[in-house]
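One chain, chain A, appears in both complexes that follow, with chain B as partner in the first and chain C in the second.
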Partner chain A sequence: MNSWIDAVLVLITLTSLVLLGASRLGTTIRMVALQGVLLSPLPLLLAGDAGITLRAAGLAVATVLIKGIGFPWLMDRAVRGGSLRRELDPRLGYNASLLAGVLLLAVAFLLSSRLPLPPGEGTPLVLPAALFNILAGMFVIASRRQAITQVLGYLVLENGIYVFGVGIASHQPLLVELGILLDVFAAVFVMGIVIFHMGRELDHIDTGRMTLLNDWEKE
Partner chain B sequence: MSGYAGLLAALVLAPLLPGVINRTKSFFAGRRGPPLLQPYFDLAKLLRKGAVYSTTTTWLFRAGPVVGLAAMLVAAALAPFGGVSAPLAFAGDFLFFAGLLGVARFATMLAALDTGSSFEGMGASREAQFAALAEPAFLLGLTAVAWKTGGLSLSGMLGANSFATWSGAAAPLALVCVSLLVVFLAENARIPVDDPNTHLELTMIHEVMVLDHGGPDLALIQYAAALKLWVLGSLVVGIALPVRSLAHGWAFAASVAGMLGLCVIVGVVESCLARLRLTRVPQLLLGAGVLSLLALFIGLK
Partner chain C sequence: MIGALIIVPALAGALCFGLRNNRARRALLVAAAVAHAALAAAAWRGSPEPTLYDWLALDDLGRLFLGITSLLFLVAAVYAVGYLAREKDRAAGDRGEDFLFRNIPEAVFTGCLLLFLSAMTLVITSRHLGLLWAGVEATTLASAPLIHFHRHRRSLEATWKYLVLCSLGIAVALLGSFFLSVALRETSSSSSLVLDDLLRRAPAADVPWLRAAFICLLVGYGTKMGLAPLHSWLPDAHSEAPSVVSALLSGALLNCAFLAILRVLQVCLAAGQGEFAREMLLWFGLFSMATAAVFLVRQPDYKRLLAYSSVEHMGILAVGVGLGGLGNYGALLHAVSHSLTKGMLFLVAGNILTAYQTKAAGGVRGLLRGLPASGILWTAGLFAIAGSPPFGTFLSEFTLVRAALEQGRPLVAGAMLLLLAVIFAGMSRTMLAMAHGEAATKHPAEPFLAVAPPAVLAMLALLLGLFIPPPLETTLRLAARALGVPS
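Let's look at the complex of A and B:
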């Protein structure tokens, strides 16, 4: 059981690393989709002694539907609708991003060694994987120019929080987790629509060039 | 069966590996392909020829193939095979192993630069760059294995590698396997890093460095390349297949089968993948290093 959880967590970590080093927008979207699908068995695997409950199964299905299919579809639609460049244009090169990822990985493992888990909760890899995803998501948001990559970074960050939630607080009510999923869904839905229209109106979604968006005339 | 059987197998069977790779590639291309023993025939043919040396070259050019083969022979004595210790084993010998690969590369590069050909200089420069990136992946990966198995020598690491080790640490060992496979492909100048069949000097890496060698020198280089394929491959196979739990004869047979399987995998990779753009190769090797480091982190946890 434990080795399966570890395998899933390692795969999730690898998708984040690929995302850091990938140069194509399509690849990054596919990685986020893969990550969403990989997240789904976690509630079932981490259910522990209680066995597979209806609650865990529901959460797994909702995760696949929203994170594995819904979000990537929204992102894909935004890419197709607007006139986006397929190549990403990060502030930091891909190799430098990958090296930064290694640094974040080290930080995640170091931090998690300082944070003892409550006994009987999760496996030793849950914490570093969750922390790394959160850090990698923040890094993607900070280092990429295009609005759509920043949304993808937000999704990676949220996936990290999801791993943390499922792994550590496996007893929180279903309603809370579904509520969080719904919130994220609404946020990404809005962001997808915003990006879609931004791409149409402005011919680019480079946030670095949006400093001149003002409602009022300059004096 | 002692470790000398493994060394003997390396010396005798090594040229078979390129033959298996070429046969796999021709199967994928729908050709009949050269016979499996073609590398042996090539070696025999080259050894019967005389050598021609350019007047601009010095003793460095003649020393290159000899030093390269000598380093590979020592490396072969270090690499355990078939679940038994290698003839030569001491604590920290994996650093020596990496050093031997470096010495062989250095000698080849000096010989290439000695010819004064600009193409060979370019090849040497690329070889140095990619090797510098492959080495951290190799050493970090072996460090992770050393941590998990508690062995400080190659024989100790792979000798302690059993089914129990795998069930306890499947994730880091699998990561190291993938990382070492990439290093294996890069060090042996195979696709996706280098194309051994290319005939365009501009894009060659390893092949271009040995363009001026001929006759017995080329035979030594080809034999050393086959040995390198065997030695690095035996490390990958040794980690992937914990054969120690089997009886000696079976462990040996399983390891030989593993080596042939690895060559088939290389052939499939070469048939299905295109070569990477030169600027993308560092990213691949960096990725292998990241995998090794991740394995090390998980192992330390």
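Let's look at the complex of A and C:
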């Protein structure tokens, strides 16, 4: 069972790395979708000896529906609907981003070595994989200009937290998990609406050009 | 009863989306606010039963914050009725930019306002840290459309910053909540996030995980609370939102985030990690005060001025609980008086904005003559927010400085006094210049609904400085005790 979990975690880490180096918006969205699908078997695999419960199965289905299909569909619509440039224009180049990704991976392993896991919780890879996704998501939000890519970064970050939540803190009542999933869904939905307004009213969704509100340049 | 506190505004909010008549919707807004206040008052008198597997309950801390939120919302709702009537079909041009803006539909505004109240009540009453998290996230989502009210390109920018930064913060807080459940696991198979369980298990906490959890939660909820350097969404959102929303953001929402941090502090105290947690809060607080001071001096936009003042006051709250002991009491008292005062100031700022059509402090002169009622309130508000006697803020800030001195930390006390003096000088320069001078144009008399709500808040802020009502005093003492026994 553990080898399957590790395989999934490694694949998730790889998708994040590909995403960091991806230059096309389409690739980025596809990687986020792939991550969503990869995440879904985790609750089932981590159920372990207790066998597959209804709760784990429900969570897996909800994950595929929301993270694997729902979000990518929303993002894809936003890309097609708006007059967005398909090519991204990051603050940091793609190769540099990929390099930063490798560094972040090292940081994730370093951090997890400082936080020893209790015995019998998940596998040793859960914590570094989760932390790496969280850091990669933050990096994408900070280093990309376009609003839509920032939302995608937020999703990667959220996936990292999900890995940790399912993998280690896996004994919360279902209600909480569902609430969290729904909250994230609503957040992305609202962000999608704002992006729609931006496309219509500003003719761009480039957050780097959002400089009306600033304390530094006024005098 | 606790269920009703959350459900009533939520249902009323949902109903608002369906109603077609503006008058009916405004009446519903006020009715729901009154109902919420009545329920909150009843909850103050009695001790309501916990509901939903004990996930929802009202302790002394919750009671205090519920009172502030409900009162402020009621006042803001009354103000909003007048505000919406004035905004209706106003094709207002923004001076200096020939850009007309159309407000979002009133149904969305009123509905989101009520959903926002419901989400804040959920945060306050929640005993389950997962549910609390969901509540804080819900407040972000419900208030985002409110900030976008004017549909101006600047409000869009502010909304985007607010959404992204707060979502990022809240994601870190979620991670922190998970860390907490790892730090306080009972056996390998159960780890509940109900506060009472956490407090019970706290003495056996896994210290590295607990510290990591506290840092994540402080950063996460601190973003929402507006602690520097995580505050950058706050001036934008507060200055671009309609004034009635700014009043609620500053007076109620920031407090809710503060309460979330206090919940985590309670767990750290029970685990014997109080010193670590308090020290972090203290430094965050002092840094927030210093940052606010830098941006307050010569701030050209009076709504941003008030927003930075909120950053300052959140810093004061953090310093207060960071000191502990007497500081707890001071911080909680300060939370109450700050909410009243800042709510009042933002409502008055709304009146000024309506009359002068500009947010630039340089464009506003002669308030005392042009808009006598707002002018007087504005001047009184300056002294109240700066913590001069006889207002409530003086009492609480004095208590905090005394707490710092009693604990043998004269440097903290000195830094606080210095920063408060700088901020007072910076704010009074801008705000007094607005109040005095000749009024350039004649303004019509202000409507009753625009003046009465801030006047009520000003009265309460003044009352708090002269006499703290016994029920409030009792609640403050009990709530302060929940954050550690006074030394």
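General observations
Please note the rule applied: the second predicted complex is superposed on the first by the 212 of 219 C-alpha atoms of A that agree within 3 Å, B and C clash if a C-alpha of one lies under 4 Å from a C-alpha of the other, contacts with A are read in each partner's own complex, and residues count from 1 in each chain.
Heads up, the rule we're going with is that contacts are C-beta pairs under 8 Å (C-beta built on N, C-alpha and C of every residue); 3 or more make two chains touch, one makes a residue touch a chain.
Note that the structure is predicted; figures quoted are calculated from it, not measured.
In the model built by aligning both structures on chain A, chain B fits alongside chain C without clashing.
Once the two complexes are laid over each other on the shared chain, residue contacts for A:39 go to neither chain B nor chain C.
Of the two partner chains, chain C is the only one touched by A:194; chain B is not. In the superposition on chain A, contact of A:3 is made with chain B only, not with chain C.
A simple residue count on chain A separates chain B from chain C, and the partner touching more is C.
Contacts of A:21 after superposition on the shared chain: chain B is touched, whereas chain C is not. By the touch criterion stated above, A:94 is placed in contact with chain B alone, chain C being left untouched.
Seen from the CA centre of chain A, the centres of chain B and chain C span an angle of about 150°, rounded to a multiple of 10. In the superposition on chain A, contact of A:79 is made with neither chain B nor chain C. Annotation: superposed on chain A, chain B and chain C show a minimal Cα-Cα gap of 20 Å. Once both structures are placed on chain A, no chain A residue is touched by chain B and, in the other complex, by chain C.
Across the interface of their complex, chain C is touched by residues 114-121, 134, 138, 141, 147, 150, 154, 157-158, 161, 164-165, 168-169, 171-172, 176, 179-180, 183, 186-187, 190-191, 194, 197-198, 201-202, 207, 210, 212-213, 215, 218 of chain A. Note for the complex: chain A touches chain B at residues 3, 6-7, 10, 13-14, 17, 21, 94-95, 98-99, 101-102, 105-106, 109, 112-113, 124-125, 128.
Remark: chain C residues 128, 130-131, 133-134, 137-138, 140-141, 144-145, 148, 151, 153-154, 156-161, 163-164, 167-168, 171, 174-175, 178, 181-182, 185, 188-193, 206, 208-209, 212, 235-236, 239-240, 295, 299-300, 304 touch chain A in the complex.
Across the complex, chain B meets chain A through its residues 167, 170-171, 175, 282-283, 286-287, 290-291, 293-294, 297-298, 300-301.
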